[in-house]
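Same chain, two partners: chain A is paired with chain B first, then with chain C.
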Partner chain A sequence: MQAADTPQRSYETPVPSGMNAAGLRRDARLERLKLFGLSSPALLLVLVILVIPVGWLFYVSFIGANGQFSLENYERMITRKSYARIFVTTFQVSLLTTGLCILIGYPLAYFLSQLPSRLASLCLITVLLPFWTSLLVRTYAWLVLLQKRGLVNDWGISLGLWEEPIKMVHNMTGTLIGMVHIMLPFLILPLYSTMKSINRDYMNAAANLGASPRRAFWNVFFPLSTPGLFAGSLMVFILCLGFFVTPAVLGGGRVIMVSMQIVSNIELFVNWGAASALGVVLLVLTMAILWIASRFLRLDQIAGGGH
Partner chain B sequence: MRWLTSPATETQVTHGQRLWLYVLSVVIMILLVVPTLIVIPMSFSDSQYLEFPPETWSTRWYQNYFGSAEWMLATRTSLKVAFLTMLVATPIGVLAAYGLHASQVAFVRIAFVLLITPMMVPIVLIAVGAFYAYVKLQILYTVTGLVLAHTVLALPLVVIVTGAALKGYDMSQEQAARSLGAPRWRAFLTVTLPQIKFAVVTSALLSFLTSFDEVIVAMFISGGDNPTLTRNMFNALRDQIDPTIASISTIMVLVTTGAMVLAQVFGQQRK
Partner chain C sequence: MWQAAGPATGKEKDRVLSTANTQALPISVSHVTKTYGAVHALDDVSLEIESGEFLTLLGPSGSGKTTLLMVLAGFTRPDHGSLKFGDREVIRTPPHLRDVGMTFQSYALFPHMSVAGNVGYPLRLRNVPKAEIAERVAGALETVQLGGFGERRIDQLSGGQRQRVAVARAIVFEPRILLMDEPLSALDKKLRDQMQIELRSLHEKLGMTTVYVTHDQREALTMSDRIAVVNHGRIMQLATPRDLYEKPANRFVADFIGDSTFLPVTRRGQQIVFEDQPLNHAAPAPEAPSLLLMARPERIHLLTGTPQERMNTFEAVAQQVIYQGDSYLLNAQLHNGEIMSLRGAVRQGTVDGLPSEGDRIRLGLAPEDTVIIDGRES
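And then the complex of A and B:
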């Protein structure tokens, strides 16, 4: 700790001479490096458990069945129809989920942002409760609710809304219902905090200048809420792209997304090359979207947005 | 009914005119909460189909759960791994957040991005990578391996939550302590840490939950003598709808809600 004390003196007393100043600057630099070193256990762990293995997957994706360098794992994605369908499904599910989340989440976030703060924090519990409940539990709940003899069918029939039990699970409908429910908090939370920070005087000013309520909303409030909407939608879309549990359980094998194909490539076919190539494409897609978004938004804002 | 005609917004829209918004919002809030909580009453149903409201009540699914050696083993593993993840992720995450905050070297930003990558990389890829690495390191299906992988997943949360608290903390207090002769570690422990302790507690609880709820990584690297609860639940869901899962879900909801209520209580004290 001796070296650690040295720059402290430079903070306390004026630097006496030029030669000393250089020495003190060096000490200060050393001190900063030592402090940075405190993050090394965390960095090392991420490196060993995540970066190196993922780097290896990247390498494996370029190795063909004969052990030589080859692009066959990527060619397969283009030539085989089934792979194209998987990507289409993934984008379909992600876009639909994001769209539905916006349609459902925006009014609720707006409603919450207008409430007095005590009531708002009470109502926010309804968003936070599903947010922190295990996604497996919520997926299971939907499976039970939507099954043929489930609650939704029972009530729908007894209310006379439909006659035969409708198949709502083990297909696209069930997947979307589950996904939207799981993703909604990720959209609502950042959107709510953005809306909360909009100065209400702007709306007042718009009204005073003669704007109709509708016009004041669309020309003043909505544009100011777009950063939160953008951050939330991005978060939802990115999470959807790599989603696994909900489509695997509620899709019943009919909705196959990229992450599910990766898992079955390893579990069923033990084909590391094919799985890795799909993983690389998924990663590159995710990073590209994040990179494009980061040109409009600060990345740490997105990362912090969901929590 | 005066309330209906009174203005609700700055633009003089009345409450009556936006009744639709209130109704819609309440419906959405109900739809958010009900599927989360409905497993609780359903788990006490006697029926194989988990009726709601249950016609006959019973605790048979709980008896199934507590009577099954397999489920008990998985529960023990999950709790053990989550607790250890909390114990590992919190100190190294807080150290990292502090190091990055205080050092201000040029590559702090790169290090920060590296530390939050586990949040951005698709989780399936992390799982497959860890699976491969663990075969090589021979720690597949071990508690150690699970704790290390879950720590990596929890680190971004710890770094973000603690980092945010450090941003709001005045580092010159620590400098004051050190100018009075305290070594840096002591200044940190006695001056800085007490002031960011709520963020640290929140980080710890989030780490616990991250591990406890994690499915996909656990699916690949847990098993054998150390299967996690989520792994077994997921496998059971793929096969058939076993009502025992309703009772386990109820217990999981209680554990996570308990942890989050604790986090909220600590979070409130900070304000």
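And then the complex of A and C:
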């Protein structure tokens, strides 16, 4: 009340003066400092385990075979056909996996979101269950199931569904089956939580205005679920880009992705420069995709409004 | 399919929104029951709503108002019962074929559509030509005084504006029945008072049968042709606002609507007595095992001279005076310990002249205001 009476009081005044102003300012500064103090361990950690290694990665990628600065690691990627094929394969596998995840995950998430919440959390646990077992175990389990004399072929043949054993591993099919299985939860979780947050009133309102259940879904539910779909798909796609274990085991060397080329550059050719350059390109590509997507997401938020 | 649901759809291009809807439908609810586990959300509800009537469901939170509205709209499937719009039995008709307009408590405006997109949605569903949609959307927005707001996004609107858009969307396809679930509860008081008048005049203009839900008794009294007071999934009383206030059917209704003092009274022969004091009352007392005298605070007089003939008088001791701006409330203790409240208009000097705490006073109640009610809660 006192301050309002002083004529000097104005929002433009650079340094407010008056009762307790200096003390209050000090308090504000102290608070900011405390906040910084609290986050400093995390900042330090990020510096040590992220910024320094990535910087090192960049540095190494510009070192040629003779130990001098050189662009040969990047030139090789452009000139050699095999590298182009690897990048194409990587994108192909990632896109297909993402697409299959959407096809399987969207209906599943929708189903879960419509269940009463107790049943839904039970079902969600079964979706998450695979997270609790090791990636390697799950991947080898698929190998056992899908191989030539594996369970799936045995049953298929004994039930008379097909005659000859079908080749389901050590190729694209096996890679995709394994990848989709591993990636599905990453799609379902954000999608489920978005769907869960869509107020039932929206669907009721659509029905009340005359929309059949199918039209209400496409006109109202689906558009409102796209932020979750987008976030989940992006997550899956980006994880796929750098994925190693599953394509390595189930692809049987026929599906070569960037991550696998990195490994062979190191293990076979002991060429850290080449491996680093691949890593840098993968990183830059991922960042670019994230950047483009974030623009989309923001646009989407503006268009979607409110939520 | 829409023709079957009602002719008041896009087919008739010459219909203008502002003309009174002569085809409002009566609603007949009979023996509708809905239980959730042990809870009777609706307990054998029967209700006849006249064509073009503004009927309000009034009751405390959890009394079953929304459930009844949801049954009318088709979102809740009752255990049994019948529901007719006009002659048509609709209890098993899915919501999208019922052709009733509804506003939701949450407004439920689609956030991914503009204002015009929202309001035009029911018309697009009915395959109304584009040009006509634009025209009718503009008309509906005009009706709710939001002309020119069509391109706005929903999140750019204030609460009152959202409320209006919700109403525009619910009336644009000219339904013959309009349901509203606590449409004004999220608005501040000023806006609420204004919207009450607006919604009421909109109803006058469009004439559709309207079922309005609120827990605010003043709102119900202001707006309704008739009010159904609901409690525990049952209709306690269905009456005009005036009858409801003046002749409540039981203690629950009397308590829920307006303020009142209740005094236990008994029947002695032909007379109703309070503490051996025979009471003069204009309306006959109901036949009930327990009776109460209901005294509205604004109908009680503070007596100074000799009272009018036949006026019931009560000796009391004044307690505190509560100043409320436009009126004051004087609490007084009767000799049996009951507190009687008296409300008076504040004029220059009245508050200063009031008795102070501990003063012996006399309160008067005219026979017309001496209402004997059924003392049971329901």
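Side notes on the structure shown:
Keep this in mind: the second predicted complex is superposed on the first by the 251 of 307 C-alpha atoms of A that agree within 3 Å, B and C clash if a C-alpha of one lies under 4 Å from a C-alpha of the other, contacts with A are read in each partner's own complex, and residues count from 1 in each chain.
Please note the rule applied: a contact is a pair of C-beta atoms (placed from the backbone, for glycine too) under 8 Å apart; a residue touches a chain by one contact, two chains touch by 3 or more.
Just so you know, these numbers come straight off a predicted model, no measurement behind them.
In the superposition on chain A, A:Phe269 makes contact with neither chain B nor chain C. Touch criterion met: A:Ala211 reaches chain B and chain C at once. Touch criterion not met for A:Tyr59: it reaches neither chain B nor chain C. In the superposition on chain A, contact of A:Trp291 is made with neither chain B nor chain C. Judged by the touch definition given at the top, the superposed model places A:Ser134 against chain B, while chain C stays out of reach. Touch criterion not met for A:Trp162: it reaches neither chain B nor chain C. In the superposition on chain A, contact is made by A:Pro223 with chain C only, not with chain B. Between chain B and chain C, it is B that contacts the larger number of residues in chain A.
The contact surfaces that chain B and chain C form on chain A in the two complexes overlap at residues 201, 204, 206-207, 211-213, 216, 303-304, 307. Contacts from chain A toward chain B in the complex involve residues 1, 4-5, 8, 11-12, 32-39, 41-43, 45-54, 56-57, 104, 107-108, 110-112, 114, 123, 126-130, 132-145, 147, 149-151, 154, 181, 184-185, 200-201, 203-204, 206-207, 211-213, 216-217, 238, 241-242, 244-245, 248-249, 259, 262-263, 266, 272, 275-276, 279, 282-283, 286-287, 290, 299-300, 303-304, 307. Residues 199, 201-202, 204-213, 215-216, 219-220, 223-224, 303-307 of chain A touch chain C in their complex. Those residues of chain C whose C-beta lies close enough to touch chain A in the complex are 2, 73-75, 94-96, 98-102, 104-106, 108-112, 121-122, 125-126, 153-156, 169, 173.
By the touch rule above, chain B contacts chain A in their complex via residues 8-13, 21-22, 24-25, 28-33, 35-39, 42, 49-52, 92-93, 95-100, 102-105, 107-108, 111-126, 128-133, 148-149, 151-152, 155-157, 159-161, 164, 175, 178-179, 183-185, 206, 209, 212-213, 215-216, 219, 230, 233-234, 237-238, 241, 245-246, 249, 252-253, 256-257, 259-260.
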